[in-house]
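The following pair of complexes shares a single chain, chain A, combined with chain B in the former and chain C in the latter.
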Partner chain A sequence: MDMQAAKKKLGLKERYAVMTRGLDWTPSYQKMEDIYPYVAYEGIKIHDWDKWEDPFRLTMDAYWKYQAEKERKLYAIIDAFNQNNGHLNVTDARYINAVKLFISGISPLEYVAHRGFAHAGRAFPGPGPRVACLMQSIDEIRHAQTQVHSISNYNKYYNGMHDFHHAHDRVWFLSVPKSFFDDALTAGPFEFMVAIGFSFEYVLTNLLFVPFVSGAAYNGDMGTMTFGFSAQSDEARHMTLGLEVIKFILEQDPANVPIVQRWIDKWTWRGYRVLTLVAMMMDYMLPKRTMSWKEAWEIYFEENGGALFKDLARYGITMPKCAGQIALEKDHLSHQAWSTFYNYAAAANFHTWMPDDDEMKWLASKYPDSFDKLYRPRYRFWREQAAKGNRFYSKTLPMLCQVCQIPMVFTEPGEPTKTCYREVDYRDDKYHFCSDHCKKIFEDEPEKYTQAWLPVHQIYQGNCFPEGSDPTAEGFDPLAEVLKFYNLEHGRDNLDFEISEDRKNFAEWRGQATRNI
Partner chain B sequence: MQIDLRTVSIKPLRHTFDNIARRIGADKPASRYQEGTLDMQQEANYHYRPTWDPDHLIYDRDRTAIRMADWYSFKDPRQYYYGAYTMARAKQQDTAEANFDFVENRGLAATLPDEIRDTVLALLIPLRHVAWGANMNNAAVCAYGYGTAFTQPCIYHAMDQLGIAQYLTRVGLLLGDVASLDAAKQAWMEDDTWQGLRRYVEDTLVLRDPFELFVAQNVALDGLLYPLVYETIIDDVLSAKGGTPVAMLTQFMTDWHAETRKWIDATVKTAAAESAGNKTVLADWIVQWRDRAAAALLPVSRIALGERADELTTEIVQQFNARMAKAGVPL
Partner chain C sequence: MAVAAIKAYDFPPADSMDMFHGAQLLYIGWEDHLMFCAPFAFAFPPTMRFGDVVDGVLPGSFGYHPDFARIDWAKAEWFKSGKPFAPDFGKSLADNGLGHKDVIRFRTPGLTGIEGSCS
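Moving on, here comes the complex of A and B:
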């Protein structure tokens, strides 16, 4: 009894330490390098894993409790949304194309994050980071699943999402997000953490997640909004992990600084190129806009990110060099992207359209230096052509950047009427790039980026036609065959919004709700 | 204008995603387990080889000797997707918390006979390291296995094992103090009793075949350890000697084992039923790891069972063999 009374209560930090690090031991029957084989080859030096500061202290009992509570609420809302035909509450059916982009471009990445953090959560010799990574791993499968479950109902009523897993592995523009995450997952565990934990989750998350979630909120999409907000509380943990990782690595050894700097430069650019899709979503696909891409970049990267990099300056880390070019592109990015998708609407799994007059006005007010001069005339021309029955769908294939895999549609920094091309000769081949930054990434690791599965090359090599099709047969229609390979239904999943089944159905279903039958 | 959308009755264009419809038929809605599991892992056109394992694709069927025509033949009988999993565990956690409260509030730990308390500390607390190894191993199976149907339950299992290591830590702190944790760790590192088991765990930490790792950890080691320690020693032998409060503190583990073995058995059964080749590989692994696990657990079980250790361990092995035969792998 006395012993019990004298027992000293552990402080929170000590208690968490015995619940995690205290479980670990130094092995003697097997060598450390055999148990943790992936931790040395990147050249990052860690002298003392005990210096790791746990970014949050969550034991499993508390984790289950909090998360189950969140799941209960989330699924109750999803159920209600589904039962009440909540999809008919969105501003207009064009909005649903943002959902298609999300489920086929982003949700599969949540899954890869889950596997990637399981890998990192096994790979580090430090017990602190292992536990933190595993918690993120299980959170990420949550994100993947809650997104699929929320969007499942949209898939029942609208086109383009019906085979999103299949599409993610094949459709040309989806190789942009896919190759981004494949790149991170195939990097070493430290680079993965800098790429995803820090650059993606900490620096860029507000430019990815927030636009979709607030876009959903503005456009009456309760389902997407709810999983978004529910995931935000997990994100808070992920962000603190991302920041702790970077500080920990930098504090361990000065030789780590240049390696980390290269990774930050690379992953900021890689992430930014993926955000091209978000930029056009914000400026063109939301019937009710939240803010422009340019405003978002200025607030979330230039202001918030600027403060962050000022903070990291004490470690010798500087603002990624690409920030200068991104600033020059911010007046153009979303317009160039939307123009591209407008052209390639026959080969995509969502609809595109030309902005109406009010929307053009909004764009002009948000982009006073570029819209009226460069993009409005283009759109006016396309609108006129469409009115005459000449809605243009490009049927030729674009050249892709070897690294970011975006068609080479971007313009020279500071010269918005001149397309930017870069190339490198490597071994016996020529490789093409959208920018100096993608080119630099290639030159640092050519062996990696020559492996890229470039959708256009693959189509030309005949690898993207359904089995049994014969490209030499008379009347062979390559685009039609590629669509079959993508499992996209021509006339339903693709083409202009104006002529889409989505538009027609949505109008009819909403009509039923507003009329007395 | 407020529109009452509930009154609208519209016919859906489709019941679920195509990948699910291809598997279950297009005429019915899919469950959340199915939509959250089937084909979730990327299947094709990976862009780069892992720099940490250039001989394999990102997700690669060839990391294991087990061959499956379709890795989505595996089904978790509990149908756990994240939401179902966390809600189930939160409920068990409520019970565990109530049990800990009950024991703490009534000072039941102090009423334990010294002999029982010492036995429990000596036996249970080093097992937190075993659970920690199981956490790492299941993280590895999840990371390097193929197909979400097989890998998904492993991340849940990994987190469960972390939870178990933490419950065991709490038992140590309740019946003893931080010094008891240290003493148990020292025993784990140095005492002969524990060296066979520690070697077993460390040897599994270097296994590269994710399915063999699944067998060594979840099938063989835990398949003997849980029935031996939680069902036989704690719920039976020690309870009879006044150790019931301990059984309350480890109820989570007993219930958890009863639940998770359904998934483990289903996994073995599906892999074995796939081909004679799989069955042979599985039988080889299971026999090899079972024998090592039984030998490693014997000195540990002596802590509580003394002379009866051999007899009861043999009994547990026989039960284990029967269980495997039922799962399609007669040993």
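Moving on, here comes the complex of A and C:
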């Protein structure tokens, strides 16, 4: 009897081939178009799925092992942070409002990204992108979970986070990130990949994660910082996937170029509008600033993105047209956004406040062309009024942009004292937009955006009150009822930071931790 | 252009006038007063007098601003969709030609916000 020679162990490359592409097969009793019904209708032509180059050679078994190791470390740090009352080590309690913004505005997007990549992966006939989408899909749900776990400790002590997912689906400003992702999720798989994989994960991600994570690091929030670092190796993989998607689609057929260009134009703008929230977080909500929004935009978009689009020029792709307008807005974006939340502080799940003198000085130095002239007088007035017990709360609902769903707070490009109004007549109705870019997005697909769930209009239609409430009853208070619908408590979750329970509690607890009282 | 879809794509708009229980939407902005971060959205019956909007509603929405009390309404300039507009305060919104989701704004000459900053 011959001895059975042990089979040679597979090399990494072979192993990868067997565990990914080797898992695919050609169907014999079903038609390809029945199995993959979403792959053709967007007009993208793919001739050879095997030309897909896997940007990272990771097999599923290695993925589990690697991620499990990372999460063990992450949870050890989160435990230590929680046990040592790490929340009392943040710079000051205002910082926690950035965490609230993150958990209600961004973490739910991680979950939707999980669904989106699962759907896109299922829709692609090629095994290469399918496996890459599967891994990213799992990454995204892990991120949602680790963020919820990291931030849950703050929820034990501070207000506004108790029902973040409920809020995400209802609260007026959270319709901005929500509708952004819903727009991508309801597009075809190729548009989803360009929207989220490329425009968001590749072009704009550094403007989302770096500010939040370095903001956390600068402000003593070890919990948030750690999940950020833990997610970073995944993010690097996502960026590589995003770039590969673009190159693959563009190399497959020249007819794909104009479609992809339209998507890049659209999604860079859509993503940028969502980043309005990040801009104000950086300039106003971090007690210890990392850099200004304007500086971040210049480094991460104008420099890095500029180099990227130079690289893509060989495929016929050009810099998104909106970049010109964004450059004009960078002196104003964060101030206009913060003013908006100051106006509507009664209807949000976090607190706002006026910057102190040192912070005004910082803002003036970072925004020499705009702050002292346009925004300081406004803040000075608001501060004086607040000191007299007359803090400004706008009680009338704002007009919204039909596409980005942000109140119409943006000004004409180059004319920062004139509100930018755009409108289109479509079928029987008028539609309004904050900008030429949102208007263009609408005009390309009006049937889609006429269905937008605009919070202000929904309130006026009577769809945002708790079940059983009667808007015709005497003494009906619409704002109070809307807050109940949001599951927010007036006077606790909303209003100015100065009068908040968060501020009072933080001062008291920190006092107990540092003094003998 | 039209939306790309796998089959017929036809859905009703979310904000047609019939959804607003007899009211129609009207958006109103005040030029040079960006302390109010955006124009306001209102739901009014089309039969409401224009003057009642100005006298009865706008003070609650814009009255916080110190300029508001100084407005001389006879001198205010009105715009509808950006074009000059001459509302008749005694007539209804409908008779002033204001339909569902129209946008109007007013400029108050001489009043340019906090310290002239258009805030």
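What we mean here is this: the second predicted complex is superposed on the first by the 501 of 517 C-alpha atoms of A that agree within 3 Å, B and C clash if a C-alpha of one lies under 4 Å from a C-alpha of the other, contacts with A are read in each partner's own complex, and residues count from 1 in each chain.
As a working rule, a contact is a pair of C-beta atoms (placed from the backbone, for glycine too) under 8 Å apart; a residue touches a chain by one contact, two chains touch by 3 or more.
Computed from a predicted structure; not experimentally measured.
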item	value
More chain A residues in contact - chain B or chain C	B
Touching partner for A:Gly188 - first (chain B), second (chain C), both, neither	both
First, second, both or neither for A:Tyr218, with chain B first and chain C second	neither
Which of chain B and chain C A:Asp428 touches, first, second, both or neither	second
Partner chain(s) touched by A:Tyr38 [first = chain B, second = chain C, both, neither]	both
Chain B versus chain C as contact partner of A:Phe229, first or second or both or neither	neither
Partner chain(s) touched by A:Asp61 [first = chain B, second = chain C, both, neither]	first
Touched partner set for A:Trp362, first chain B, second chain C, both or neither	neither
Partner chain in contact with A:Val409 - chain B first, chain C second, else both or neither	second
Which superposed partner A:Trp453 touches (first chain B, second chain C, both, neither)	both
Intersection of the chain A residues that touch chain B with those that touch chain C	37-38, 41, 188, 448, 451-453, 458
Chain A to chain C touching residues, read off their complex	37-38, 41-43, 188, 336, 339-340, 343-344, 373-375, 377-378, 380-382, 392, 394-400, 407-409, 411, 417-419, 421, 423, 427-432, 443-448, 450-454, 456-458, 460-462
Chain A-facing residues of chain C, complex	1-6, 9-17, 19-21, 23, 25, 27, 29, 31-32, 34-43, 60-61, 64, 81-82, 99-103, 105, 113-115, 117-119
List of chain B residues in touch with chain A within their complex	1, 3-8, 10, 12-19, 30, 32, 35-36, 39-52, 58-59, 81-83, 86-87, 89-91, 93, 96-97, 107, 109-110, 128-129, 131-132, 135-136, 139-140, 142-144, 148, 151-152, 155-156, 158-160, 162-163, 165-167, 169, 173, 177-178, 181, 185, 188-189, 198-199, 202-203, 205-206
Complex contacts: residues of chain A adjacent to chain B	1, 3-4, 7-8, 10, 14, 18-19, 22-25, 27-30, 34-35, 37-38, 41, 59-61, 63-65, 67-69, 71-72, 74-75, 83-86, 88-89, 108, 111-112, 114-115, 118-119, 121-123, 130-131, 134-135, 137-138, 141-142, 144-146, 148-149, 152, 155-159, 161-166, 168-170, 175, 178-179, 182-183, 185-189, 448-449, 451-453, 458, 487, 505, 509-510, 512-514
